[in-house]
Structures are given as structure tokens and as C-alpha cells.
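What follows is subunit A paired twice: with subunit B in the first complex and subunit C in the second.
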Partner chain A sequence: MTPRPLGRPPWPLLLAAGLALLWLTVPLLGLLVRAPWPRAAGLLAEPEALQALGLSLGTATVATVVVLLLGVPLAWVLSRPGLPGAGVLRALVTVPLILPPVVGGVALLTVLGRSGLLGAPLHEATGLALPFTPAAVVVAQVFVGLPFLVLSVEGSLRALDPRSEEVAATLGASAGYTFTRVTLPTVAPGVLAGAVLAWARALGEFGATITFAGNFPGRTRTVPLEVYLALQSDPDAAVLLSVVLMAVSLVVLVLLRGRWVNRW
Partner chain B sequence: MVRSLRVDVAVGRPEFEVEVACHVDPGEVVALVGPNGAGKSTLLRAVAGLEPCRGTVHLGEQRLHDLPARDRQVGLVFQDPLLFGHLSATDNVAFGLRAGGVGRREARTRARALLASWGLVELADRPGRRLSGGEAQRVALARAVAAGPHALLLDEPLAALDARTRLVTRGELRVRLAELGVPTLLVTHDPVDAAVLADRVVVLEQGRVVQEGTPAEVSRRPATDYVARLVGVNLLTGTAEGTRVTCTSGLVLHLASPASGPVHCVVRPTAVSVFSQRPVGSPRNVFEGILRGMAPHGDGVRLDVQLVSGDRVHAEVTPAAVADLGLGTATPLWVAVKANEIEVQTRAG
Partner chain C sequence: MRMLRGAVVVVGVLGLLASTSACAAEEEPLVVSAAASLTDVLPRIGERFAAGHDGPEIVYDFAGSSTLAEQIRQGSPSDVFVSADVAVMDQLADVPAVGEPVVVASNVLQVAVPPGNPAGVTGLADFGRPELRLVACAPEVPCGSAAEQVFAAAGVTPALDSEETDVRAVVTKVGQDEADAGLVYRTDVIAAGGRVEGVDVAEAAAVVNEYPAAPLTGGAHPEEGRQLVEFLTGPEAQQLLAEAGFGPP
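So, the complex of A and B:
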């Protein structure tokens, strides 16, 4: 065997790297080990669990649709060359990514709560109030999921050769026709990746949801909230639902990695 | 109705202003040549409506400068094919028709017919991103042509292709441009493109036109060093029969591979060797001539040789070779060209 050209890797580095890997994987393996597999089917068929799963899937999917409808246009605007204040706008979009979700929930409450800046006039005018409704869950999920889609799509749009759109223009295409027939299909992998990420983020949303939407069974109690509550009453159920959420994350990871997304 | 293109524009750029006036007649191909950054592509973009500019662009009496790019009906082909990767070759070619409101079925039929008439029907169903460079560039030209442009702008359309593909594609491009008969502006760096494709050459340096004329005129009296280097290829016109080309002057050239019909033979000056006595050995193309002039050229010396047949041939040699050969004006000498150094390009009869 030829000797390593750079010599043996330093052992402290390898040790730290190994520790990091364990830190990330051992808790997840622990979940699998402790999951109450014999009771799995029964626990998942409990009405509370089914209700939470249904609500989570429904709200996360609606949130993803909203994220797509609003996020793709925002990404398109951000990707335009020469946009004034593009750096500031991009930073604003990134804020919810690093903001503690509970802060996001409080922020939503101060604006859209029943006595919030916008929520109070809305309630007076129509009698509608967002908190404690599935709509509030969707609002919280869009808040945390939108940045994932915008950043992913904007990255794809900026990697696009601007001359593609110029060619389309010389062929007589209007800006709208070019957007739907050239730009959007070309960045489809980025849109798909962003949508899957946003959906996964929405599915796991906890802090903003419990703060802003509350914790009403069947209305705002999504799977993460159900897990948190079950931990007090039925730890087995909590572990099992956690395994379900973990499985969804793994599926998302598999979908996003490799060339599957690129080869759309 | 085919109309001529008249351009008189000024485009501001950080380093200098690009200020060009030129016209292109129907069916005429004008090569825009010049060093990198001379403003050639900028000019094309201005004509296409992709670059803000002052001045006027007319197509016949129509004022293109008042129209946005999408209403100008001016086809543009870049160095990269820029096919829409998610669309098949057919749908790429049909794109302009679809954008113009032609129904899907009708547009596809017409796109397919165009591809078929260009011998590209086997590419019709392949997605744009699965085509090779040469295939993609042909489809890109078809896409521009299918939209029914009243003028064509080609921005180094052959530059990204490998030498062999370039040769074939150049020949096809010639035929297509002749069929189409619209005014064509061609940006190129390749002297062979200018010699073979263009009816006229416009030389641009620092945003200004420094010379204008037929390829032969420009190469005979290059206005600047750059032009001399660029256009100084040897172009011999003749008729091929197998591996033999008989030039209009009576000169006979031998080729490495057979061709037929009217051809251009292109020989780069660096491929021409010069001897003081008739060389023995392999070169089959050996001609006697007289030295008519020489001039320093980059690191070497460019010789202007008049052959016995009357043809003028440029040869590029090292200063050391000039000394060895003991060259002086009117020195008799021999020039040799290897058969595989002759690039053959079919031309319209």
C-alpha cells in the first residue's frame, strides 16, 4: 500500500468527528430501540393520535400550497438583477429561519391575535378570530416554512442563464409566457426541493403553533403538540409518534439527496 | 417581403461608447469581427432590443428601435445553444410559433417539418438537454428560423463547437442562410467564418468601425494589425472531384479526404511551409512562386507569395527561417501544404 501523502490524520480530529456523529445518531437510534413496537398499531389507531396526524398532514399541505403560491413570486422578485435593497430583503426573508419559533408565535399573536394590531380590527369587523383555529396553525407553518422555499427557488433562479429569457423574448414571448414556459420549468427541481423542505418544516412546527394557535384537540393540536402532551400521560405514544415524524424526515432526506430532484 | 437592416446606434459602456452605423441587405451576411470587448455582442444585443441604446434600427421602413425585443421579429442565436432543456427539440423549434399564438398541434407540425427538411428529424423527440453541442446549435438555429424572423443575429454561433463539428455546422449554416435570404449579422472571431460565410466584413475596434469591405478586400489591405491577424487566412476557390480540387486559377490541390462540387479551401498561414528549393518527401501540394512582400507578424514573419498560377498565398514563418532561406523581394521559392492542413468547405455553386 502506498503511504498516505499527508501522513496519518491527527487523532484529536478523528475523535471529535466521531463524537459529533454519535451525538447526532445515538438519540435517533434510542427512539427506535425504545419504540413500543408490539403496541404500535393500537397506539396509532387511538383517536387522539389519528386526529393529530390528520390535522398535521392537512395543515402542512395547505401551508405548502400557500408557501408555493407566495414564495415563488417572492423568489422571482429577489432574483431580478439590480433590485434595489436586495440584500436587506433577502436578510428579512432569512429571519424566520434563525428566529426562535416561540418568538415567531408571540410576534404572530401580537399582530393577528384577537386583540392584535390587525387581529382586533378584523375581529370587530367580521367576528373572525384566527387563534385556536386550524387556519392559525397554517399561518404559523407558512411563517416558518416560507424562507426554505424562497431561498431554494431563488438559488435556482440565480443559477439560471439570463440569456434563456432573452432568447425567449427574441422569439416573441411575453414576460408572462416566458416565466411560465421557460423560467418555471427550468427551476422546477429547486421549487420541488423547496416545497418538500417547507412541508417538512411545517409538519414539525411546534413553538410558533402552540404560542399562536394554541393547543385544541382536533383544531390546533398537531403531532408535535400531541407528542409533547403524551409525554406526560403515555410516554409510549409519544415515542411512537416521534418515530413517525422521524420516518417522515428520513423520507424527505432520501427524496432530496442525490440526483432525483435534479432529474425531475 | 424581405427588407434590409439599417443600424445606427450608440450604446454607452463603462470603458467606451459603442457607436456603429451599418446596413445589411436582404440575403446578405455581414461578419462583425474585432478583438474581445470591441463591442460586437453589445451591438447585436442593441439590435435585438436587449440592450438600451440611442439611435435607430430600421428593417425596411419599420422602426425597430421603438419596439420591445419580443415584437422585433429578429432571430438571435448565441454561442451557447441555450435550448430550453425541459422541452423536446420539436417543442424548442415550435416555441416561437406557440408564443405567437399558433396552436400546439399546428406549431408542432411546422416545427417537425422544418427539422425534417434540415435532416434533423431523428432529434425531434429528444429533450433539449440531451443533445450534443453541434446538434443543439442546429436546433437553436432552427428555433430562431421557425419564428419567421425578418433578420438574423448570430453571436459566435460556431465558437463553442469542436473543430470537426464546426466544419460541418459551418457548411450547413451557409446553406441555411442562403435559403433564408434575410439580412444576417454574424459576430465571429474565426477568420474562416468570415471568409466562408460573409459577403462583407465590418471590423470593430474599441466600439468603432475601423474597416469595412468584402473578405478579400479586407484581407488584402488589412487596416490594423488585429485585422491582419484575423482575416489573413488563405482562401482558394475551386471545384472538387474526389481528393482533387481544381481552382479557378488552374491551381490543383490535393486533399486528405474526398469532396465534390464547388468548394472553398482554407489554409492557415502557419500551415504553409516555405523552401528555397523544391522539397523532397511527403507534401503533395508543392507550388513554385515568388516572394512579393513580408511583414513582421506577432512572433513571426508573414510572407506574401505569388504562385506561378497567379494565386497569392500567405505563409507564416519564424524570423530564423527567413534568415536561413535568405529571402529577399522577388526571391523564387517553393511553398508546401500538407493535404490534411486544407480545410474544405462546400460553397454555393
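So, the complex of A and C:
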């Protein structure tokens, strides 16, 4: 088969792409249409809304830092050629993606709850218990966000030319130096993309949070939980809060792109 | 070749659209949208109702009353709505598809504790102890507004650790021993079957929660829906409701 000259894109592709775009954007338009704009200023000045937004941004950011610190090394290990059991490990990493988040929350309770496998000894020794604390929100967010970063970074690492690491080694660089000065900068776009996905997933996290961390204003009630609660009493306020969460995350993502991506 | 692949995509999309309308051609079931606290008892009542006459199959949609009310307002094809709260039913008064509601059951709050009651909770006063881990429903949902009134009646300022969005979530937290006590409905303690224990509180009698049921005209079987609502107030259904811990209307 000879390559065709680049011309008009095939129409079935355009049709499917257009359909995909509508599928994603029409529900969002629905939210924008329904949001009670005249009440917007008043609703957003409510302390509950601000508190939830602050808690969401704070916990999601802390969770992303944890995800970066733990996820990049895991991705690096997974990308090593000839790693025994790599297939199984990779499958384990994707489990939180397919697990219903509420089940993830139950799993976290079973291990880290006050009477959990690890939680019970901790509670006995220190009197501390994770559930109903902001730390539990972060734990839930890390659980659901970590796979996004690991898969993204691992993909970049595997696409990396192994010779660059070899060259660094032959020039006398230590393994640690090679990792931080050669490997990491090369896969930085993958790290950033993964971190952004993990942050966005953490920001939207609902099921594991409500099950594991509980739901108390200022402590564990993030924006998605506040939205769900508002749906019970004031659906319009819930819609507005969802729009705000979307707007905040879009602004942050767009700013990040402008500030960082062009440098690489 | 290119045209063929295009045709495949188009046929696929049409197939997807057609599959949604194909369902409509089959015999529609009788759809009952009901408050989550009725999850265990309502299907048993439905069985008795169906045994009495040759009607359509009954399917249930159990969720928070407010969520269901919102779906009904948006035109969900239900035949019967049973709410755990009169206020939620009243909000639907302006929806033409919602018929005249009738109260079919009542419920009172009870304190739920983990098996063995490790924290030694004896009543509502324990909800003022900050060292305990305490949960109840959020004031925005029916069980939470009832809890708020009961706490007020008892003169207790609760030191809650979590305000859940539905009563079953409170039962779960207590049943998992994450909380020392939770305020739930008496029926939830019975439905939990040993995962939690109930502690009666006298002040709970001050706040009786009523369950209104209304026939809807938005579904396929408005007439059967009307009959089911009538059946709910009859002796057979009332007997089953009483066994599940519900009070009389």
C-alpha cells in the first residue's frame, strides 16, 4: 500500500470525533444553562461553599504531592526491562481505576479504619484514627489518583531511549544522578500530564471519600460531597457549585499549560 | 473501502439509538420509586400485591427521597413514589404527574451502637461527649432534620464527627465500628440484623417521621400504581410494615 497524500480527513473520522466532542460537552452545557446565575454571588459567598472549595483544593494538592513522591519511583521500577512479575504489578496498579470508588472506600476502612488491620494497632498505640479527618480525604485521593500518574510516567519512561542513560553512565554519572538529571527531565511532560490527571481525579473524588473519610463541614466535606448534599435540598446550588469546581480546575490546568509545558 | 468503514460507523450509531427504543416495545414493568429505608420491606409487600392479581412485573428504584423527587420532577417513568418525608412529597405538589399522597407508615429515631456497645452509650446525652466518635445525617436530608429536632428536644448539642447524606451510611459507619454511636431510624437497626444494636431514646417520640405514598401518571401503569398505594394502607401491608419496625400511619 502506498501512502496517500495528506488531504481532506476522512469524513467518518470527523463524524466520530464530532460525536465524541458533543458527548463530552453537551452535559456540561446543560449545567451551564441550569445554573442559577442571579443567585451565584450569594451562593458562592456562603461559608460552606468556600470552606468546601478550600478543603478540596488543599487536599487534592497535598494528595498530588504524595502521588508524585511515591508514583514516579513506582513507575520507574515498573519500566525497568526484565522486571519479574511486571504484568501482575501493572495490573495491580490499575485496580483503583476499575474498582467502584465506594468499594475502594470500604477497602480503606477495612485496613486503615479504627478497627482495621493496620488502623487498630495504630489506634491502640496512639489513640489516633484516620476516618473523619482531612488526612483520610488525602488517603482516599491518593488511592484513586496514583494509577493515573504511574501509568502516564511509565509510558513515557518506556518510550525513553535507553542509550541516554547508558551514555550518562559511561560519562561517570552515578545512578541517582542519572535519574534526576537525565531520566526525569526527559520524561517531565509525562510526569506533568500524570500529575495533572491525578490532581483532577483527586478534586472530583467522591465515593471513597464519603465512605472512608466521612462528611463533616470544614474537615472532610469536599466540593463533590457538598454538591451531593446540596442536591438533596437545593439542586440549583449543587449545579452552581459543580460549575465553579469545573471552572477552578480548568483555570488551573490552562495556567499550568501556559506556564510549564512550553518550557519543555 | 473508505465508504464501507464510514457506513459501519453510521450503522453502529444508529444501532445504539435503536436499542433504546427497542426496549420500549416490550411489556413495561410497574416502577416503584421509594425511600431507601423501605428497601427490605417493600418488595415483600409487592409480592403480596402481585399474588392478588395478574399484573405487570414490579421493579423498585430505592434511593434518597430527595433524589427520587428530583427524578420524578424531571419526568422519570415511575408509577408510585413513596417518600420518607412529607416535606419532600409536598415539594412535588405542583407536578401534574403526581397524584394525591396518603401516609402509609411512620418511623422514629433510635441510637445505633456497634455490637456490645463498647463506648457504653445510654442515650442522647452521650452525643455531647466530644471524645466519642459520633455520626448522624446532615440537616439537609430528612433523617438529619429529624435528628436535629430530637437533639433540640433533648437539649443536646451534638459533637458530630460526620454528617452523612443518607441513613444507611450512618448504619455502615457504626456497623464497621468507626463510630461509637449514630442516630438512625428504628427500622434501620432492625434491617441491619445484628451488625448494630439499638438504644431506645424517650425524646425520639417527639419527632415521628411520616411516609407518604402517591400514585404517578408518568409511568406505564397508572391504574396499578393507584391500586398499590391503596394496598399499602391495607391490613396485609401494614402487618409487614409493623414487622419491619414501622409505626402505623
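Just so we're on the same page, the second predicted complex is superposed on the first by the 223 of 264 C-alpha atoms of A that agree within 3 Å, B and C clash if a C-alpha of one lies under 4 Å from a C-alpha of the other, contacts with A are read in each partner's own complex, and residues count from 1 in each chain.
We take it that a contact is a pair of C-beta atoms (placed from the backbone, for glycine too) under 8 Å apart; a residue touches a chain by one contact, two chains touch by 3 or more.
Given the structure is predicted, the values throughout are model-derived calculations rather than measurements.
Steric overlap between subunit B and subunit C is absent once the structures are superposed on subunit A; the two fit side by side.
Look at A:Gly172: by the touch rule set out above, it reaches subunit B but stays clear of subunit C.
In the superposition on chain A, contact of A:Ser164 is made with subunit B only, not with subunit C.
In the superposed model, A:Pro185 makes contact with subunit B only, not with subunit C. Using the contact criterion defined above for the overlaid structures, shared-chain residue A:Leu78 touches neither subunit B nor subunit C, since it reaches no partner. When the two complexes are overlaid on their common chain A, residue A:Thr220 makes contact with subunit C while staying clear of subunit B. Judged by the touch definition given at the top, the superposed model places A:Ala230 against subunit C, while subunit B stays out of reach. Ranked by how many residues of subunit A each touches, subunit B and subunit C are led by C. Think of it this way: put the two complexes on top of each other by chain A, and the tightest Cα contact between subunit B and subunit C is 37 Å.
The residues of subunit A lying in touch with subunit B in their complex are 161, 163-164, 166-174, 177, 181-182, 185-186, 188. Against subunit A, the residues of subunit C that register as touching in their complex are 2, 5-6, 9-10, 13, 64, 66-67, 70, 133, 135, 138, 140-141, 160-165, 169, 172-173, 176-178. By the touch criterion given at the top, residues 10-12, 15-16, 19, 109, 113-115, 129, 131-132, 210-211, 214-217, 220-221, 225, 228-235 of subunit A touch subunit C in their complex.
Within the complex, the subunit B residues that touch subunit A are 48-50, 68-76, 78, 80, 82, 84-87, 95-96, 98-100, 143-144, 147.
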